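Note that the chains are named A, B, C and D in the order they appear, and that numbering of residues resets to 1 at the start of each chain.
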Amino acid sequence: MSGNTFGKLFSVTTFGESHGVALGCTIDGCPPGLAIDEEYIQAQLDRRKPGQSRFTTQRREPDQVKILSGVFDGVTTGTPVSLMIENVDQRSKDYGDIAAKFRPGHADYTYWQKYGIRDYRGGGRSSARETASRVAAGAVARKVLGDDVRIRGALVQVGPHRINRDNWDWDQVNQNPFWCPDAEAAELWTGYLDEIRKAGSSTGAVIEVVADGVPAGWGAPIYGKLDSDMAAAMMTINAVKGVEIGEGFDAAALTGEENADQMRTGDNQGGPVFQSNHAGGILGGISTGQQVVVRFAVKPTSSILTSRQTIDISGNNTEILTKGRHDPCVGIRTVPVGEAMMALVLADHMLRHRGQQVDR
Amino acid sequence: MSGNTFGKLFSVTTFGESHGVALGCTIDGCPPGLAIDEEYIQAQLDRRKPGQSRFTTQRREPDQVKILSGVFDGVTTGTPVSLMIENVDQRSKDYGDIAAKFRPGHADYTYWQKYGIRDYRGGGRSSARETASRVAAGAVARKVLGDDVRIRGALVQVGPHRINRDNWDWDQVNQNPFWCPDAEAAELWTGYLDEIRKAGSSTGAVIEVVADGVPAGWGAPIYGKLDSDMAAAMMTINAVKGVEIGEGFDAAALTGEENADQMRTGDNQGGPVFQSNHAGGILGGISTGQQVVVRFAVKPTSSILTSRQTIDISGNNTEILTKGRHDPCVGIRTVPVGEAMMALVLADHMLRHRGQQVDR
Amino acid sequence: MSGNTFGKLFSVTTFGESHGVALGCTIDGCPPGLAIDEEYIQAQLDRRKPGQSRFTTQRREPDQVKILSGVFDGVTTGTPVSLMIENVDQRSKDYGDIAAKFRPGHADYTYWQKYGIRDYRGGGRSSARETASRVAAGAVARKVLGDDVRIRGALVQVGPHRINRDNWDWDQVNQNPFWCPDAEAAELWTGYLDEIRKAGSSTGAVIEVVADGVPAGWGAPIYGKLDSDMAAAMMTINAVKGVEIGEGFDAAALTGEENADQMRTGDNQGGPVFQSNHAGGILGGISTGQQVVVRFAVKPTSSILTSRQTIDISGNNTEILTKGRHDPCVGIRTVPVGEAMMALVLADHMLRHRGQQVDR
Amino acid sequence: MSGNTFGKLFSVTTFGESHGVALGCTIDGCPPGLAIDEEYIQAQLDRRKPGQSRFTTQRREPDQVKILSGVFDGVTTGTPVSLMIENVDQRSKDYGDIAAKFRPGHADYTYWQKYGIRDYRGGGRSSARETASRVAAGAVARKVLGDDVRIRGALVQVGPHRINRDNWDWDQVNQNPFWCPDAEAAELWTGYLDEIRKAGSSTGAVIEVVADGVPAGWGAPIYGKLDSDMAAAMMTINAVKGVEIGEGFDAAALTGEENADQMRTGDNQGGPVFQSNHAGGILGGISTGQQVVVRFAVKPTSSILTSRQTIDISGNNTEILTKGRHDPCVGIRTVPVGEAMMALVLADHMLRHRGQQVDR
């Protein structure tokens, strides 16, 4: 029931602080025989690396992943796969204000209240650096899922600006610094984010992650629902404040006639052809065989260049201003993290589904 | 890792189908010494009972809860509290079309794909009747939390019609059949839902659940975050398609200046006075001491009086029309369920928080 | 992490006190499509029923099992299977001394210390009546395992008297009231237990449970070892004080030459022919394909007709004498319980093994 | 439900192979504020280090533990404590026979059957080197327990030679290379083990671990029993084949009069004075406040200098002889491991007990 473990059969335990010795994860329950090496995982990790455009933090995080166990002769052995990323640049610094003051919107105050102590360096355990471990684990999860399941993420809203879904083109996603599937929106965002960045401000975003190739039948009633695990997974990502499946919150405004996805016989590998996908590929907590569609909202990062009212650890009123490099829209780098979390949930449910089936 | 168990230390395992012999739950990890009796639990159960107005199904469900174990001399003993609700009206019926056809928007098709068999009577395990067990368990969870923690739910949107939050009055909630905190909205909804009901249609809704009195420090990094468990909890409720905390999806459109809640010293039992609550009472997965605010969207029930296209279990095209009494807005009866799920999450985290603390 | 749940994928949550309303269990993760009915489970339950000879308690426990959920059209549906046994004879009685005094060797004192309250009627939750739930669940587990796996238990020691293993004959097990595989020992035990019984005394025993047909490969490193789960399972049974696998404690006195089981190619369905089975069918926590052999020791029941020194709930010195019908050797009725626990462990590991395998 | 995780609230996930890059563990749920540093953990680790006498393997394992996370300013922060031990000497070697042949009594064959692949270098994951992680984690667990709880282990049998319990003297334990509390037995074992060693043979052993200072009330019914978790814990240790609590298997030969521990009022911090401790400090799965006494049997290591019959990975008959340094009695080095496992179980139950209590 470890709070730092995610998943039941394919389970990932992460550790590490932003400015500690190292961070990483141990993957337990990984099926044997999967071809994994450091280059493969590194390639996934590099997708969330900061500093790849002017729209993400210019902080240097040369994260190099190291496989500590569970892989032999190039394939997984079925025993725990432990992955480590050393924090190369942990020289003593002046942490200035953040040691003694609680940054508004950050977890500084709540960690302090919970534990009576906190590793304030770079946010400690609450830093988004932890998500590197998830992306590394997600890379292994993708191997479990195999080539039939394809997971892709996209940024669909930045600040108040949503994409035009009619323009959706997956090929665009790698052609702009935003993982944006709408070329027009990407251009608009460029201007918008330049403003935000220059103002030392920040903005929120919405990410959509889609899985193709998930067969019908994954997931389980009642508290093991695929959508429940998706919601939990996404809500564990730093700064996420909302999650929705398929139609999501918009479903509240629909009628039953509009919302329920009708079925027709068709040429779909034995399964029905659904005439719409308001459900986002999940009914009763179990996959329908359609695309699994999950969306989540990321709040604006609370590290901004404007002075903010807060209290210090002695309870006195004070102000704080977070200097240094920061992400104008932390949602951008969250796209690969959302993909990784979906991969973890699906791999876990794939194994759980297998586990309950008996041929008799 | 049971799919039908919810919670880690205060854990609830539910069982039962809509038209089976009985349904209920076993609560494990309940602290000893709490005063519980059947009348107390029944009062909570009755809040979600159908047929209390013309806006909920007219189906008769005279659910009587029975305590099977774990209570002695009127108080909990620390051993499992098992609660049972017998299905009194399980006479053999003509289940007509639903045995052979998959109802669009329901879990019929996915259960069939997963298990190769399904109890089609009234939806079997996927029926919202299962939520009675949650409300019963939630009543026990409220006893764990004690009087200092107060959990209240309200309906804040029906179909496309949202409440005016300026009108919010908790006293209104028990004065209309919708748990609506806005008297004006309640009136508008009356007309809207009468239309929906007469048309044999249905509509979605949004529910907000708020907890007062949660101390700072509950919740845990990283996958044991309070908001992650809240999201998982709400997403397990039938028909829920989205969950958000505090500002939720609207946070995407805000800037860091607007979103991060500033703190000031004040008269707040030692804690700071937050100047806003965009966070919904949770930062870094841990409670801040403010109100915990969770919102979730419920889709329109898929049981409507309009004929819908589907396939049968042999894979042939067909149509289905769900006759009989149904909920025009299933979201109404979901309000007490949302409260119960929040109570379960908070009680569990209260115990988990206690568990990790050592006086030394 | 519920203390009243056993198993990971095939998981059983039990509830109920000796003299409460009912006791039973909810089985989660049960594969769909298994033929189960009340008669089948009842037949297993009847094997542990008291009063079948003068060597078990003459208490009347007409336990009738009722299936509350999870079975439809005669087969499991994949949803929770809930089983209930009502306590038919729970009329108010004079519980006399046991309400106010702690019986030596029983859990009275420890429950009191832990919870500050205890259901003293018949031992409450700590009564061996709880094992009825296990036997019922074990019956379902046997269906999961199928006919290829055969689980049989036997009593191999009563008081100081061990069987002669050269006389082992499984057919004898059902021909004496002791589940004894050695006809000569059974005769000796008859006399010995008559003495114990007439003296109002009690004695301990050792039970051996053996599974045939377990394929190589079930179990998992390191804390999910098959033998670790067997040890945990048996140690949860009331009055058990020791568990061993294969050679067990005798292995301490052996040399490596004597103990390690050599292998030869042979006619064994592709597997090797082991030349001995000191390992008890488990190496490195994983099954070898040989017989799985588990043995456990049961202490003498502490309910005897001799007055014993103890304290009362106010902390005063006093004496207690447990009147009424009791088991001279509670180990006898534990044989079907040991079989059930082995079935639960094996069914769980069968599903867990399936879960981690991926065909790629 | 990870197979490589131990514990519920204080939970330890281990990783690593004998000859891989590194091994270690992540401790989750550790209370904040405990003073921990590498020196402290190292001192515990050094107790199980090989090569400290001629009676343990002469293999050089200069295990240096490194704290990767969870400790800040010298104390635990409440976040995961990750510990790593690098395998300094992992140069490519000739693994000779063990790559292609299954060593009798080792896990070679079962890993092969389970996973279809195995890291044969030094036994891979099934090597007793994994227990270094446990000892490191156990050192942290001792800090959770504090000074009031004292855990000590001793070797009480080597081969067929048991200690004389009348000679028991804890001070002797550190004055011989066997952790033997009986000076006479230690002398006898010296001769016996020299013979075993010179013959290239091996022998089994029995270890006893005792905890003083455990308060009454730790543990939980029914499947969360303290003794059940102790049994599981010890049975996960390499080569362990049997576990017993208190009187253990000898309880089978006792009568109820002999076995049940009587109680008297006395000067015992409010608790009763037990007149004996056949129960080993646990009744009904819950601690009594007496010494907790656990004993376990270790089989002789299967690595011996005598040629043994086996098969190779192609299924052909062959022979194998395990050259190189080995432990004549692996039980000796298991003493600190048994202590560590007891510390893990107790720390976990301490937190679990706290978690279920509510002051109301």
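We adopt the following convention: contacts are C-beta pairs under 8 Å (C-beta built on N, C-alpha and C of every residue); 3 or more make two chains touch, one makes a residue touch a chain.
Model, not experiment: these values are computed from the prediction.
Enquirer: Please work out which of A-D and B-D is bridged by more C-beta pairs in contact, and write that pair.
Expert: A-D
Enquirer: What angle of turn lays subunit A on top of subunit B when you fit their CA atoms, given in steps of 5 degrees?
Expert: Here the rotation carrying subunit A onto subunit B measures out at 180 degrees.
Enquirer: The A-C interface: which of C-D, B-D or A-B repeats it, judged by over half of the contact pairs being the same residue numbers?
Expert: B-D
Enquirer: Copies subunit B, subunit C: same or different interface, half of numbers shared as the threshold?
Expert: On the two sides of the subunit C and subunit B interface, the residue numbers are mostly the same, over half being shared.
Enquirer: Compute the distance, rounded to whole Å, between the mean C-alpha positions of subunit A and subunit B.
Expert: Here subunit A and subunit B have centroids separated by 26 Å.
Enquirer: State, to the nearest whole Å, the distance from the C-alpha centre of subunit A to the C-alpha centre of subunit D.
Expert: 39
Enquirer: If you average the CA atoms of subunit B and of subunit D, how many Å lie between those two points?
Expert: Averaging C-alpha atoms per chain gives centres 45 Å apart.
Enquirer: What are the residues of subunit B that contact at least two other chains?
Expert: 1-5, 8-9, 14, 29, 32-33, 78-79, 111, 114, 125, 221, 352
Enquirer: So that we know how the chains sit together, what is the shape of their touch graph: line, ring, star, complete or other?
Expert: Complete.
Enquirer: What residues on subunit A touch subunit B, complex-wise?
Expert: So the residues of subunit A in touch with subunit B come to 1-6, 8-9, 14, 102-107, 109-111, 113-114, 125-126, 130, 157, 159-160, 196, 201-206, 216-225, 227-236, 241-265, 270-272, 275, 278-280, 282-289, 297-304, 306, 308-311, 315-317, 331, 352-353.
Enquirer: Show which residues of subunit B lie in contact with subunit C when the two form their complex.
Expert: 1-5, 8-9, 11, 13-17, 20-24, 26, 28-29, 32-33, 66-70, 72-73, 75, 77-82, 84, 111, 114-119, 124-125
Enquirer: Over in the complex, which subunit C residues touch subunit A? Could you list them?
Expert: Against subunit A, subunit C makes touches at 1, 9, 29-34, 78-79, 144, 146, 221, 350-352, 354-358, 360.
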